[in-house]
Each structure stands twice: as C-alpha cells, then as structure tokens.
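Chain naming follows the written order as A, B, C and D, and within any one chain the residues start at number 1.
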Amino acid sequence: MLMLDKALKGSRRYWMWLLCLLCVIVAGLCFYLRQLNQGLGITGLSRDVSWGLYIAQFTFFVGVAASAVMVVLPYYLHREKQFARVTILGEFLAIVSVIMCILFIFVDLGQPSRVLNIILYPSPRSLMFWDMVSLSGYLLLNAIVAFVTLRAEREETPAPRWIKPLAILSIPWAISIHTVTAFLYSGLAGRSFWLTAILAPRFLASAFSSGPALLILLCLALRKLTAYDVGKDAIRKLAVIMTYAMTINVFFVLVEVFTVFYAAIPEHTVHFEYLYLLGGGHNLAPWMWVSAIFAIAALVILFTPAWRRTQLPIACILVFTSLWLEKGLGLIVGGFVPSPLGAIAHYAPSLPEWTIVAGIWSVGAFLITVFYKIVLSVREEVES
Amino acid sequence: MKITRKDFLRISGLSLLAAGCKRAAESVSQPASSVRAASTQPVRWGMVIDLSKCREKDGCNACIHACNAAHNIPQIANHAHEVKWIWTEPDATVFPSAQTDFAPQTVTETKVPLLCNHCANPPCTRVCPTQATWKRDDGIVMMDWHRCIGCRYCVAACPYGSRSFNFEDPRPSIESINPDFPTRTKGVVEKCNFCEERLARGLKPACVDACPQRVFTFGNLADPESEPRQLLRERFAVQREPELGTGPSVFYLV
Amino acid sequence: MNALYSLLAVLALVLAGFACGQGAPARMVLATFVPYAAFAALLIGFCWRVARWAFVPVPFHIPVTCGQQKSLVWIRFAKIDNPSTRWGVVSRMAAEILLFRSLFRNNRARLSGGRLILGESASLWLCSLAFHWTLLLIMLRHLRLFLEPVPAFVNALERLDGYFQIGVPPLYFSDVILVSAMTFLLFRRFRDPALRYLSLFSDYFALFLLLAIAVTGILMRYFTRVDILSVKQFALGLAAFRPGASQALSALFLCHLLLVCALAAYLPFSKLMHMSGVFLSPTRNLANNSRSQRHINPWNAPVKTHAYVEWEEEFRDKMQAAGIPLEIENETEDAGNARTN
Amino acid sequence: MRDRVWIFAGLAFFVAALTCPAWYAVANGKASNKSKPPNLELPANQKECVAPAGTMRAAHMQMLIQWREDVVRHGDRRFVAFNGKVYEKSLTRTCLGCHNKEQFCDRCHAYSGVSDPYCWNCHNDPQTVAGSRTRSTP
C-alpha cells in the first residue's frame, strides 16, 4: 500500500478541514479563470506598480522554504538529535512553500501558456532564469530527501547513504534560493529602494525567523490536535534560532534606515517616506507601523525570561505577521512607489487578487495537511 | 496533392536543421545576428529631440497621434492600465536631477516628449527570462510579442518608465486598427520600437515625420556625419539619467 | 525472447503498412477493406466475449475485499472499500475504474537483511493511470476527424491539451505523457527478472503495438506532416460507408491506420479485454453483505440434507425403545427447551 | 441473472459510443455530402502560392513560424519562393493579401477541428478591419 493511502484515512475533523480548504481553492480558481479571461486588469496592479501581492507572496514564501535549512543544518551537519522529529516536518514545509512560490509566479504571468519559454529560450543573463533553476532544484532536493527518509522509516530500514550528501547539499542551496530571489530586486539600477547590498542578508534574516515561527506554530498545532509531539527541546531550539534571526533582521532594517536618512539622497528616502510616513495618505503606512510594532513586541516577549516560554505562540504569530507585512507587502510595493518618474500610484490588492492568494494559501495548507498526515501516520504505525 | 519525398525533406528536415543551427549560432554569438551585421558600417539608431523647437508649439501632440495610429496603441481611460509608446511629461519629471532651484517655470513645466531610450546597455533586456526583449545590432531594443510571457520584470527594470503592460485586451480600445501593424494581446509588455517596421522600408519613424516643427532628428549615431551627430557636435545635449550607465540613444537639446 | 518476437511482429505490421502505401491496389485494400474488417472484428468479437461472460454463472458471492466489513453498529466500516449497498458498490467501481484503486495498493516485495519488506511502488499505479487517461483523451481528440461539425468539447479538449505554446502545431501534453508512461511500463517488464519471466508475448505485443501507434501518430503530427484535410475526408468517408483514399495520404498515415486496425481486430481476443472485464470482476462489483443477507446461488443443484433433528425423528421410536437419550424428549412441550441448548 | 440487464446495457452503450461517427452523420443529416471538403475560397487574382499547395497544407504553420522568427528576430523580410519569385514575409500583407481569412483559414480550421491559432490575437485581417472601419465611421 502506498504512503499516500494514509492520507485517505482520517477523522471527520480532518476531512472537514480539507473540504473547507478545497472550497477556498475553488473560489481562487474561479477568480483565476476570470483573470485568464480578462487579463491582469482585474487585479489592483497598474502601470506604475506592476508587481504586487502575488510577487510579494512569492518572495515571502521563498523565505519560508529557505528556512528548512534551520532544521536540516543542525540535524545533518551537527547531529543535533533533538531535531530528529522535526526535520522532516521542516522539509515538507519547504516543499509546500516552493510549490506555493511556483503558483504565485504562475498566476502573476500575463501569458501563462508561454511559461515554458523560460526553459525553451534559457537566458542565463536573467536572474529569473537562475531563480527558476534554484527553486526547482531545491524542490527536487527536498522532495527526494523527505520522501526517501520517510519511506525508509516506514520500511524500518536505514535511509540510503546517498541521502546525507543530498541533505547537506540542500543547505547551501537553501541559502542560494533566497539570495537569488533578493538579487532579482537588488540588481535593478532604476529602483533605488532595492538597490542595496544588504537586501540578500536581510532576506535571509527575515526568512530564518519567519520560517521557524511558522514551523513552531505548526508543531504546536500538531501537539494540540494529534498525539504527535516534536519535543520541547526542538521547539526551544527553533525559538532561539527565530529570536536571533529576528534580532538580526531588525538590526539590518535599522542599518538600512540609517544609511538612507543620514545620506538623505531623495531618491532613496522617498520610498521610506512613502512606506512609513503616517498622515501622508498612503494606505500602506499604518500596516508598516503594525509590522514594526509587532517586531518589537515579539522581541520583547522573546527576550523576557518569564514570557519566552509561556508566550511563545504569541511571539511566533507576531514575528510571522510582522515579516509577512514587511516582506509580503511593503518590500515589493515600496520598491515601485514612487515610480522612477516620481508618480505616487496607490496600490491596493483587489478582491480577485486576494481570493487567488487565499486559494494558493489553501493549496499550501491542503498539501501540508496531507503531508503531515502521512508523516504522522507512518510514525504512528512504526512506533506501535 | 501528394507530398513528395523532396517536399518532405525540404520542409521538415531542412527547416528543422536550419532552425537548430540558427539556435546554436545564436547561443554562441550572444546578440542575434541581423542582416545589417553583414554590412561593414556599424549602425546605432538614435534620436535628438530639440526641446526649444518643441516649446514653440506647446500642446501639439502630432507625434503621439502619429505613433498611436501607426502602432495600434489603445487609448485606455483607466490611467493604471495605460499603454504609452511616446508621451509627454513635465520637464521636472523627465530630468529630476537636472533641475536648478530657481529655474523659470516655463522650463520646468514644459511638456517633454518621452519614449524608449533604446539604451546602449539596456537593463530591460538583461533581466528578460526568455529573450523576448533584446538589443539588435543596430541598437534598437526590440520586443518579441510572440515570446513575452508577461512577467513584467522588464517593467521593473526600466528606469525610464518606458514599458507598458497590457492589463486588458487592447483591441476594444483602439479607435481604428491599422491592419499593417499587429495589435497586441493581453498579458504582454510593449514599448516604442523606433518604428523598426518603417526603417526596414527606408522610412523614418512616424513621430519624426509627423512633427510640424521638425523637433526630432533621427539617424545613425555611429556615423560621425549623420544629422544627429552634427547636431550633437554643435549644441549641448542631455540624456535621461545617464548616471545609471544605460547609455540612452535619445538626446535632448535644452 | 517474447519481447523480441512481439517487437518483430509489430515491426512487420509497420513494414506492411509502408509497403501498402507504395502500390495503388494495396492502398485501396488497406484504406477500404481493412478498416471495416477490423472494426467488424472488434464489434463482433467484443460483443461475443461480453455476452459469453454474461452467461457464466457467478458461483460465489465473493467477499474478498479490503477494509472493515459492515458488522456491528459501533464498529466503523469502510464504506467504499467494503461496501454493503449498491451505491457503495458503484463508488467502489468508480474508484477502481477511474482511479485504479486496487493498483494503488500495489507494493514491491523485497528482502533486506533477511527481512521481507513490502515497499512503496507508486510508479506502476501512477504510470498506468497516466497512460490510460491520456489514451482516452487522445481517442476523444481523434473524434475531430470523424465528426462534422466538430463538437465543442472536442475542440476544448484540443485547446486544453495544447495549452502550452510549444512549437507548431502546439505540442500535446497527452502525447508526451502517454509515450513516457508507456516507455516506463515497457521497461518495468525488462528491468525486473521476475516480471520478465512472467511476461508473455501478448503482454509485450500490446505495449509495442500501442507504442507504434503513438509513435507513428507523433511522427505525422510533428515531423513528416500530413494533409489533415484529406485525412478528415477519409475518416468521414469511412464513417459514411463511402471509403476512398486520397493520394495525399502518406505511407506513414497508412501505416498508422494499419496498426490501429490491427489493434482493433486484436483487442477482443487479447488481455486488452480487461477494458470490459474490469466491470465484471466479482470481487469488485458485488456488495459485501453476505453476513446480513443470505445469497442463494440460483445455479446450485438442490443438495439433499439430512439434519440430526430429522434423523432423530426418523428413529425416535427405536431410540426410545433402546433407552438412548433424545435431544427432543417431547416434540410439543420441550421444543423451546431444546432450542436454547 | 439480474446482472445481465446491466451487462447488456453497458455493452449497448459501448457499441453506440464506438459507432458514434455513423450516428452523428445521420443525426446531422449530412450523410450525402458530408465527406466533401469545405468550400475553400481560393484567391481570384493569384494562381500560385508561396509554395506548392501540398506543402502549404501540411506545413503552413511551420513556415509562418519561420517567417515570424526571421522578421521579428532577424529583420529578414525577403522570401524567395520555390519558383524564384520574391515575397515579403508577412501574414497580413502576403498571405491575407490574397486569401480571405474567414473563407479560407477559418473554414478549413473549423472543418479539421484545429482551434484558432493565437496568430489572430494580434494580427489583423485587413478585410474585416477595413469593413469595421467603414461601419464605424459614418
């Protein structure tokens, strides 16, 4: 019997959850078909803000995908046994995130029927080509490592020897996917908001905090909903990783802010002013402040000994939301506004856009549920 | 009608072979080898725009209308979805770094015609993941609308805002279609092509011919004796954001 | 050896097709006589096989299924894998026919360190599913040649299949999937020694024949080209019983045609009849309700039984006389008592 | 016993599906002239195409793609035909200069069940465009 069969046997709650997700997916699909028919005009995108929520979500989930390295690295390289029960969860999270990234790129295309031109006419000078290579390679690596180790676990045989080199290869590869994604933006001379060498380090820092935050939340949810417990040690270690990555991320942002405002080159300051100036009538500014406040609040919780364990779920939610707002919204839109010609074009995602994004999130939730269900059933079967 | 073996060989074998060889040759020699590459004299098409002449007839949009008619450019009411090949902006917007604090209002508020700069080192072609936009040997930055996947990376890369994306089907917004030039389909990026299709027939770009003031001077920048080169020798010209290293082929006489 | 012979048989068919393309009389035979003969063989043979199956009595109500059978109310049972009602059976049959449910359970046995391991084997299920579905899609797509006007759904399928713009005419994804899945199914038989031992001529022949049909079709569409107008005319002519082969039809097309005819004529007499057989598999199409309902086989000959109660009744007097204790002392009064025992 | 009804119903369905082309022809009432090709209007002013008719029928799409690559990507607009004649590589000017899109291209594509190629998303049919223009301007 296939491992996939395990996903077919579940409680009523499990099926209801999948059904709900399916409904959202169908709603997203309907709007996507409309977008296919009418063009990207049904989104909030415009001539001046030509990338929006889709690409921002793509960027954010590349980070989540890359963060799998934070469990793979300690487990495979430093033999940290605490991560034994969480590593495969991290790998499946990476797989699902990459799939979501691919979907976000796909729905953003104006001519999706020509998407294979990227392979038919490969252009090594374009970073998008390298992003495609690194993302698909990462997906493949993680899929092989996760499925082969899970299969070995189920058959109660040791995992084949060649898995370890692959797992270790996935570590630098994870760094590469987010670095290349940062280069997509930071290599554009005309967009001064992104034209900074710290963009790639910033991306990595935010990835290594948002990814573990999500993983901790998923682990806690599993503990609550099922009998599966990854162990206190693993969660504590993940929390430490998240804390320091978040600290570094905030530090990087402040470094950027200093450079921009002390040098005071208008081309650079305008973007920050657009994003953070309250009362300027910019619809993003309040959200950017929410992001900043959440980040500080999360750090306060994580650095206070009395709270760091008891309030961990809240801290994780704060970290995740803060970074989602910063990276999944502000970073992309902030790069486009003001436009090189100085135009301030407001961007607000439209209902179809939100629904399509929700549909892709649901695809992710659906897949992660199914994958985790398989993992948990296999472990349950082996342990009993 | 029977397809003879000869036909079969010619149409399938040879064309496949030829296409394959061409592809291989292209990938070895980076820019697509154009027919003009064979001629000994290098070509770099360029344009000089005399703003003083343009200022004389303020509010004249002959160049824009000529371009719109020639290239089936849709007139979309929604500003967010506009498609523009050549258009005008205030001087202060076009040359933000060339403004002095106390410049006369007449200068800062004059409308300046804008179009694709056909850069010598274009950032847009560098980022295109499918080579749907590329620089020809004669300096024209071309778009292949058959190949564009609509990722809009080039729109993000262009520092001049010269690229437009078709957010909707342009056909309903075209007043009268010029059958000689294709319309575009939704989901592709487009921009000024320096009237490549007119150059091929020995004509000058539509905007150049349409201007009653003869504001535009078009010619081969690689030829020291060409009209634009003579103008540039005689008068001081600026380019848009030259500090980005893109090397625009459009010059403005201020 | 089996593989080689069947490959040779298919190659012989291919060569015959090409040879027919050369001479006019052979073309006429191939284009007019052969398709009808093959089609008649398919129809008659198919009906005959199914009719024969219909008259074979099903000897037992076979409850060999997976999952928990319906028993006591508080025990959850597998509604689809082990149905007790007709609708349950319909859904199980749908899962079997549309999703190959039982193949989904396939696993590969191997020995590791002296231990038998039933390992994962998703590839067979995945590839056969891909192969069968794309085959259906391709057959439906071919309707564009047989129907005039072309129904909208056929056009929609064609557009969907060639959605990604790769080359002209656009590459059909079903073609790619079909050929790769079939290649896997073929190599699966070569790779595993046990499977190689089990494979017969007919196993390989069906695979090679289908593969040859696919390859000739692909060659025609993407490489040598064919005049689609004459093909459609020819196909419509066949359907209207007015056959006639235009000179524009290439030898490759005739080869494709001959292979399809061979497949059609061969189908009723081969393992490919699993196409209808799957509907008739008793382990799948019967409800597993033998605990709640008594199934009497109508074909069973009446069995003469002689229960103890009857035997006792027969010899009651003699037993009583001999002082042998009786189960039923007195028919009328102790009947209830005996039953409780 | 009871199952035989189902079996024969299924068999009847299968046979009906297999023989659907014949039924379809009867239902559409075109059994008499249905194997005839569509009436493809050929240009009145020209006798010869850029390649022999058989080649064009089988491979016009490949040629159009080749032309497209030549013109757009290589600026090469001159096509020397098999008989030495020189044509411009242009769908609108050369092909549609003689052929009528609706009565030639579309008819044959509809007949052979080839869905409309994406050419027409951008390229115009000069005749319909001219027609709409005269209609829209009074």
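One rule holds in what follows: a contact is a pair of C-beta atoms (placed from the backbone, for glycine too) under 8 Å apart; a residue touches a chain by one contact, two chains touch by 3 or more.
This is a predicted model, so every value here is computed, not measured.
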Highest C-beta pair count, chain pair: A-B
Chain located farthest away, centre of chain D as origin (C-alpha): A
Distance from the mean Cα position of chain B to that of chain A, given in whole angstrom: 38
Centroid distance [mean C-alpha coordinates] between chain D and chain A, Å: 47
Inter-centroid spacing, chain C versus chain B (mean Cα positions, whole Å): 60
Chain B residues counted as touching two or more neighbouring chains: 1-3, 11-12, 185
Junction residues of chain D, two or more chains touched: 54, 57-59, 62, 118
Residues within chain A bordering two or more other chains: 114-115, 117, 120
Residues of chain A defined as touching chain B within the complex: 38-41, 45-48, 50-51, 105, 108-112, 114-115, 117-118, 120-121, 123, 125-129, 132, 184-185, 187-191, 335-336, 339-342, 345
Footprint of chain A on chain B - complex, ascending: 78-82, 84, 89, 93-94, 96, 123, 126-132, 147-153, 155-161, 164-169, 185-189, 241, 244-246
Complex contacts: residues of chain A adjacent to chain C: 1-5, 113-117, 120, 151, 154-157
Footprint of chain D on chain B - complex, ascending: 1-3, 7, 10-12, 15, 19, 22, 32-36, 134, 136, 142, 144-146, 176-177, 179-180, 182-185, 196, 200
Residue numbers on chain D that touch chain B, as the complex places them: 51-55, 57-59, 62-63, 66, 68-69, 72-77, 92-93, 118, 121-126, 129-130, 132-133, 136-137
